[in-house]
Each structure stands twice: as structure tokens, then as C-alpha cells.
Amino acid sequence: MTDRNNTPIAEKGVVEQVRKISGSVWDMTIHSPAIAGASRAGQFVHVRVSDGFNPFLRRPLSVGPCRGDYLRLIFVVKGVGTRLLAGKHPGDIIDMIGPLGNPFPAPETDQYPILVAGGIGMVPLLLMDNQFVNSIDHDFLLGMRSSAHQTVDDVEIKRLKIVIASDDGSIGYHGTVIDLLENRLTELKRRKIVVYGCGPVPMLQSLKEVCVSRSIPAYISLEVSMGCGVGACQSCAVPRADGDGYYLVCRDGPAFRASAVDLNAGGRS
Amino acid sequence: MRVDTSIRMGRLDLQTPLLTGSGTFGYGDEFRSLVDYSRFGGVVTKSISLEPRPGNPPPRICETSAGGIINSIGLANLGVDGFIAGKAGVLPVDETKLFVSVVGDSVEEFVAVVERLEGVAGISGYELNVSCPNVRRGGLDLGGDRDAVAAVVSEVRSVTGRFMSVKLTPHYAVIGPVAEAAVRAGADAFTLTNTLSGMVVDAESRKPLLGNVTGGYSGPPLKPVALAKVWQAAQVVDVPIWASGGIINGIDGIEFMLAGASGLQLGSVLFADYDAPVRILEEMIEYCVRHGVDRLSDLIGRLEV
Amino acid sequence: MRVDTSIRMGRLDLQTPLLTGSGTFGYGDEFRSLVDYSRFGGVVTKSISLEPRPGNPPPRICETSAGGIINSIGLANLGVDGFIAGKAGVLPVDETKLFVSVVGDSVEEFVAVVERLEGVAGISGYELNVSCPNVRRGGLDLGGDRDAVAAVVSEVRSVTGRFMSVKLTPHYAVIGPVAEAAVRAGADAFTLTNTLSGMVVDAESRKPLLGNVTGGYSGPPLKPVALAKVWQAAQVVDVPIWASGGIINGIDGIEFMLAGASGLQLGSVLFADYDAPVRILEEMIEYCVRHGVDRLSDLIGRLEV
Amino acid sequence: MTDRNNTPIAEKGVVEQVRKISGSVWDMTIHSPAIAGASRAGQFVHVRVSDGFNPFLRRPLSVGPCRGDYLRLIFVVKGVGTRLLAGKHPGDIIDMIGPLGNPFPAPETDQYPILVAGGIGMVPLLLMDNQFVNSIDHDFLLGMRSSAHQTVDDVEIKRLKIVIASDDGSIGYHGTVIDLLENRLTELKRRKIVVYGCGPVPMLQSLKEVCVSRSIPAYISLEVSMGCGVGACQSCAVPRADGDGYYLVCRDGPAFRASAVDLNAGGRS
């Protein structure tokens, strides 16, 4: 993994819009020109969710599809931090550091990219899709538990031609996103492929297996508890696949070559 | 009214009492684009050992219900040679003073690390970490043993003339004897305190939240404990004390100075608020103005008991 | 689903794991009109010494910014003869079991107090308080010395066959050796932990908030520290552990049981919520129902590490 | 001091009315039949100000003039606890324990009672006045810093014939309530007097001196930080005048014979 190639920016963004996508999924647009302008798919912002120190730590959130000076965060309300965030109103100030970490590498010119997302893991891939701006042909596969757990709305699914799978069949293909991936790999078997994945660890494990066994290069984005977000505290370790210690997700990731990390230990999701 | 924020500590002059807490500010360069280094009297690096250490299995950090955090980094660090090779050129020695935190499993390891660092220019001193709750591998039981602490201090003293603070654990019921022994052995200062040993359990999954089960408990809940240790030590030794534990605002800083501290380490707070050094210094100056205090250092040890 | 809340602890059967924290429930009779004693497996009295003790100058209690409290009662108590004369008749021995907390400045004092209590019927056992942060008068430095703790335990053991828990301070960096020594000396159980030594300063008045400057820090901020000690002790000794530190709800209780506790002491929480034993037991039963656990005791030590 | 002669009652009162008297002084009426019915002047209730544990401790407040099933609390907003209390609304539930502690002893039949209050210290004396129900002739003296710090409203001052002193002369007599007391003692010098006092410690010290030097029996009510409120934790110590240890304010007080306690150490105000 390369060393962090960008300089973190501290910016106080202004909330432009907050809306609920479904169930506990929220979509927030923030005016944050410096960070929005510098972000690449796979990077994240470290967000201070309260004005005081309760909760104490910032929350890492992937940079979603930016548009000009506007940053988009899409998140699931999980605990106290994301709940506070969902309660923000237009005009509220949000203290953020970003863009942090290493982005996904761009596909090489002869590679056909497949974006493989599980649940809320589609956020960095939406930005990736955005970056392709119709100029790069690609697939976007998204798995979810059920239609009640939709993380992108129907308009966007249609616009981005996202292929959906759901565990209960309530929307799209009845099965996992890995099934979809395998089908596509079979269909596309004469092309050079590169896979970009983000989602829960078990999904990433399957993704890694599928790609490694077919010698397809795959990049995945990881989540792990963080302190500083800037490579100073070593809180965000993920074991290296070679057994030689750890990478730091905030500095060496969050996007990693799938073969470089050990997904059996560590990480939470 | 102008308030003088400089602090004289034994042989050292610091531009402000603010320091960084070891391990929360990396090797001193990671925060370059975010933090105003000139507000710091000094920066203390991550603890450095002789060999590189990989650290503990993840997760390595979590929050506690009472508003603190627990980490189990396990002293992951570059090792002294890696530090010298990779970081010596980028250390923030122009804007502030640099203190290198040193850790070891044996007296010899402490000495070996310091010996190598003696060759690096720009280091103002050391902080000897004899108190990490996350590592304990036979050899030294530094977390409680007065003689072991004194041995580390006197052996390190024999290889350096630089300033040397000794960072102690809050897990002493009585801190006096170990503090006195460390001063006799040549300590120039104390850092009080390191983290408490703590742990968080998730009842739903029946799992600990840290890969290493237990870790070091820091942030606001630690403040009353660190304050007590600073005050207790200030009653028995006459060297400068660097406070560490739960400082998140200027009033916290004033409280520690009243209790006897002349240095104030910002640790966990930096994760939440990168602007903390600027804000905290302002809040302390505001307090001084309100109370007609010209020099911050006039507050040291002025608790009215 | 009916959940069995009884707990077998060595020779003892308790109707629930809930106990009171020494010093927070007086001599056991003060809360009669407020608290449902039948929810307690046992009540632990205020620590009792040989002679009556007046205690520390006021103020004796204050709050901390992170949601805890600090007290410096200084072991004010009636003395053992005063206790026997004044309280033996009103102890709540019908509804629950009674444990008398014993404190002393010397091994002899511990022994003398227990010897006198041996004559009082209805006492199910003792808790030896070798860990109070508010008193330290030469003689025993119990806050850290393994041999001193073992000496108290073995001498007391020689004068009583009753159940005996040893209450330790959280100010051990490593708790294993002292726990092992205490078990060898005859301890039937441990109470983990007593309060941390802490202090609160009021920057405006430049005064400490407690008359005695430092005091014992309890409540929610103590929980991660006590949890770590319970877990660490449970790894090395095989006797029941009574948890004490920041338990305010049923999930806290479950966390301590998973970490290895079989008793759960309610201390500071009683000052805020007299109904805590009823509420906490309900919350624990609810957890058991949700997780399909028939017997609370099945959770003891079941942390998945 | 006698031992506590009453049994604490746990009661969840219902807020009937909350109103601001002046500056930071609030007056709250609570439907709390059991506690209101059992309370005597000088006793207090131990009030849980939040539903959770922040702040952790209950707040002790003197029982003010009750009327039937209704309890009155009058308090100054000092910190987080009283601020939360002032924010309660009619219908809110308040968890209280009371009545706690020893009340002021009733005057003997041949004693002429003088009630001497400093600032918010008038609360228990209002209840005392209430208990006299016009049947006992008495004086009610009240000192305050200025008219801006008024703790009773003008209607009540008139109705209860309260004689006021203020430090700055902005209302009533220009001077201290102790000056008022000394004047009355001179006027009444042929009668047997009993003094009941409550207020800041320096005022109580002067009151004690004045009464001791004239051999007039005086009872005062004290404030000190509390834990349990029921005599179990020994947090609320106040030094005995005889040097033999401490009394507990929640059990042996809050009303003490002035000569029994040492006012030079301890206590906060």
C-alpha cells in the first residue's frame, strides 16, 4: 500500500439537506468546497457529531457522490453518533476532516470495472461511479437484505443501472450480490476485469475468494474503529495477509488490494 | 492585559504549558495540516521501543459509557531505527520542542533506545513510559515496582544529559515512594498519568469491544484520578509535573496547574478537536484575565487547601 | 419463561446476585422504608473498625464532570462495640443475608473486630476492606502490598469459619499476584473493586471540593476499571467475585457477570435511585429472557474472548 | 440532637405549577400528598432532578409552605441540578424522598419566636410561619442582597408581615437582617425569645453570636453536600461544637440548636 498521498483538510461544512432514504438510512448533502473538491472514491471524512465531547470520538464516513462544492454522506443510523448526525438541520455546521485515506485506484484502460456493494457499502462506489461519468463502461451490483433496507432510491438505481440482489428476493435477484458477481464474471469471461468492493466483512471475504480463485484483481474498502483518522494513533489496524503486522485503515486504506489484507481477524461490521 | 504563557521547567523554557500526550500525536508530523504547533510548548512522540512492534489485534479503540475512550494499541511503533530513519527529518523541531517517549521491556532496552536517540539533533528530552497498561511481557513489572522504576531512571540518566520525564501509571495507591525514588535516580520531571487499565463489554454479543480485551482508559473520566496523582506527587517531590488525563478545556488545564502541574498534555482530546491547543490556551488566558493573573506559571501549585 | 436468579457462591446460596456496596447502605436499617430488601442476595454494612471513627472534615461528597461522584467519608463508623450494641437488633437478617465490612489499620485490628462479631448471630460473612483510599495512617500500606493483604486474610481466617470476601483497590496495575496470595491465605471471594483515588478542584475558588482534598471516585466512570479487574482476577483465581463499580442498570450487571462476577454490588446508584435493586433485577431478567438464558448464573464468566 | 423521628417516604410527585419569582429564584408547586402531609418546617426533600444519572446525585431542598396535598419548593438556580428543575413543566413527574431530617422544634408556649432568614434561607421559615397559622405571634425578618434578589414576592411579604433588610438599601431597611434582629431583641428585651434562622453560613455565625451572647435559644438550619439523605452514607457531616466529631445534617439536622454546631469549619454556601 502506498503512503497517504493527500493532506487532510479541516473544514466546517454547512448542512444543505438531510433526508431519509429508507428505514434507518440517511442522505446528507453538505456544502464543503475544499473537501468535496479534493475527494476521490474510497476516501472518507472524519466527522465530529456533537459540539461537545459526547460521544467523544469522530465518526468515519465514506465520501459519497460529490457535486461541485457539495459533499454527500449516506449513512445508517447505528448508534448515538449517527443518530445525532441524522438529527442535523440545514444550516447546521459540521466539523469535518478530509478527505482521508487512500482512494480506490482507477481502473487501467483495458480493465472492465465491476462495482460490488453490500448494503451501505455502496457509498464509496457511488462516488466511483460518479467519477466514471459515463466515460467508462462498468457494472454496478448491489446486495441488500430486503427492499426495506434499500440504501439508494429507485431513481438512482435506474439512472446508474444498478443491478440489485436481495437475500429475501423482495427486490431484484433473489440471492447474494456475490451470486450476481459470479454470473457476470461468467458472462464476461473473455474480458480483463477489475472488481471494487465495499460491504460487510463476510461479503468481502466471499468476494476476495471469488476473485483470488479467478486471478481477478480486486480492491475492497474496509471499516474499523478509528481514533485520529490521520495515521497518528494506530487505532485502525487491520492484519496484513502476509502476517507481518498490520496496515492502518486510515492511512494505508480504507481501499486495499483484497489480497493484501487478512479478513478473518479484526474489523467490525 | 497580556498573559505570559511561557513556563520554565527546570532547565527548560517552554513557550506554553501545552504538550501532546504520547501516542495520540504520532511521531509529530501527522497533524501538520491541522494543528497549530506553535501553541505547544512541546510535542511528545509515540512511545518508541528498540525493535518495531506490530501492536495488538483490532479493534483497538472504543468508547465507554461515561464519556471516555479505551485503546489497546499495544505500543505499535516503528522501532528506534525506523524512527530515526523515517522521521528524524520531518520532526517539528522549529515550531516547538520535541520529546521522544521511550518504552522497553527491560532496563537495557530503555538504555539502548535512548543511546541511539542521543545521536539525533533537535530532541529536547525524553519521556520514559514505565506505565503502559497494554503490554506486559515478563521482565519488568513496571506498573508498581518502585525499584524497577528507579533502575530504569538511573540507568538512562547515566547515558543522557537531556531532560527526562518519567510517566507513571495511576495504578499506585500511594505515589509518594515511587516518585521520590525516581527523583533520587535522576528524573527531571513526572508525567502523571498514563491511562487506567479498563475494559468494555458488549452484553449483546457477549464480547469485549477490544481485540486485546483490556486497554488503556483515557479522556474525561480519568481527570479526577490524574488530578489526585498530580496533587499527591506535588506534595512530596519538587520537580515539574506534566499532567495527562482528561484535559479537554482550559479550566481542566487550570485545575491541573493549581494542583501542581506545570505541563499539560493533550491526548484523547485531539481526536475530537484538532483545534484544542488553540482553544485551550485561549480559555486559560481568559481565566487569567478574569482573575488578574499575569503569568500562567503563577498558578502552579496554588490550590488553597 | 422464569429466570432463576439465585446464585451459589462457594458455601453460600444467595437469592439474587445483588448486594449493597459497603458504606452506601449504612448499617442496613436506614433504607427500610424505601428499598425492597428481598431483591438483595445480601447487604454489606458500612466498614466497621475497632474504635469509633469520626471521619473526615466536610464537604465529604461531590460530583465529577464525567458523571461520577467522589466521597471522603474517612470511614466514619460506630466502632464494633457501638455497632453490636446499637445495630445488632435491627439488622435485616430475615429478608436477606448480612455481611459485615471490616476495616483496620493493622492486622490485629482486623482480627479484633472479627472476633467480636463472631458472637453476633445472623452474620453470613465478612468483607475485609483492605482498600479504602480515604485513610492511610502508617502501619499497613494495604493499597498495594501483597504480603500485608495476605497477612490480614490469614489471621482473620484463623478466628472465623464464616464466609470472607476481600475487597481490593483498583490501584493495582496487575491484580493476579495479590489475588492468588489472598486465596492461599483463605479468602473465599473478592470484591472488585473499591473506589479509585480521585479529586475535584473548583478553579474559580481555587479550592478542592472535598474537605480532605482527595477521596474515593465511584459511579459510572469506574465501571471500565472494575470490569478489567474482575476479568483479570477471574483469569487467575477460582473463587466467586463480587463486582463493585458503576453498576447502574441491568446491562452493567450482565457485563460484570460475563466478565466473571457472581455478585453485583449496588453502591452510588442507591443515592440516585432507591428502586435500583428492583429495576436492575428486572432488566437482568429481561436480558435473560431475550437471550434464552434460564439461570442468571449461567452467564458467569461467559465472555467470548 | 435527637435521632430521626420520621420514616422517609418515596413519592413521585406531579408538578402543578412552576413560576419564576425573580432573577434566578423559582417557585414550584408539586402534588405530593404523602410528603406534603407529613412535612414539618426545617425538613427537606431529596429530589431526583433527571430521569437518568446526569447529574448523579439528588438535590436536597427544604420543604416550603405546603397546602393540603401540595408541596412547595422554592429554589435558586445555582448549577445543573436546579437548572433542570426549573425547566420542569406542569404534569412532569418528580421522584422525591421525604420528609427528611429533623424539623425545628416548636416554640415553647412562653417563647416569642423570631424567624430570621437570609436570601433563599426563608424557605423552611415560610413553612414555620405557615404552621403558626396566626395562632402564634411572631416576627419574620428577611435579609437579601438587593431587591433584584427577592426570594418572596410582595404579596407574600405583605401578607406575612415580613420585615426586610437589604445590603444595598434597595428594599426595606438598609443593612443586614442581623441588624434587624438586634433591634428587635432590644425592643423585646423583657420577653422570652426563641430564634429560628436559616441562610448563608456567615449570617448564621453572626446570628449564633448575637443569641449566645444574650443567652437566647436559637435553632438554625444548615446546608451541606449530601449523598443518600437518609443517614446511611455519612456524607453530610457538620462538626459538633464540643469537638467530639460530627453530626449528620440529614439525620441530626438540618435544624440544629445553634450552640451545638461549629460553624467555622465545613458547610458550603
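Each chain carries a letter (A, B, C and D) given by its place in the written order, and its residues are counted from 1.
What we mean here is this: contacts are C-beta pairs under 8 Å (C-beta built on N, C-alpha and C of every residue); 3 or more make two chains touch, one makes a residue touch a chain.
All values derive from a computational prediction rather than experimental measurement.
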Distance in touch steps, counted as few as possible, from chain B out to chain D: 2
Where chain B and chain C are represented by their mean Cα positions, the distance between them in whole Å: 33
Interchain centroid distance [CA atoms averaged], chain A/chain C, Å: 48
CA centroid of chain A to CA centroid of chain B, Å: 35
Approximate Å spacing (C-alpha centroids) for the pair chain A, chain D: 62
Interface hub residues of chain B, defined as touching at least two other chains: 67-68, 219-220
Arrangement of touching chains [line / ring / star / complete / other]: line
Touching chain combinations (by label order): A-B, B-C, C-D
Complex interface listing, chain D residues touching chain C: 7-10, 48, 53-58, 95, 97, 224-239, 244-246, 265-268
Residue ranges of chain B in contact with chain A within the complex: 23-27, 30-34, 46, 52, 54-63, 67-69, 71, 73, 76, 211, 219-220, 248, 268-275
In the complex, chain B residues that touch chain C: 64-68, 70, 131, 133, 136, 141-144, 169-174, 196-201, 203, 205-208, 213-214, 217, 219-221, 223-225, 227-229, 231-232, 246, 251, 254-255, 258-259, 287, 302-305
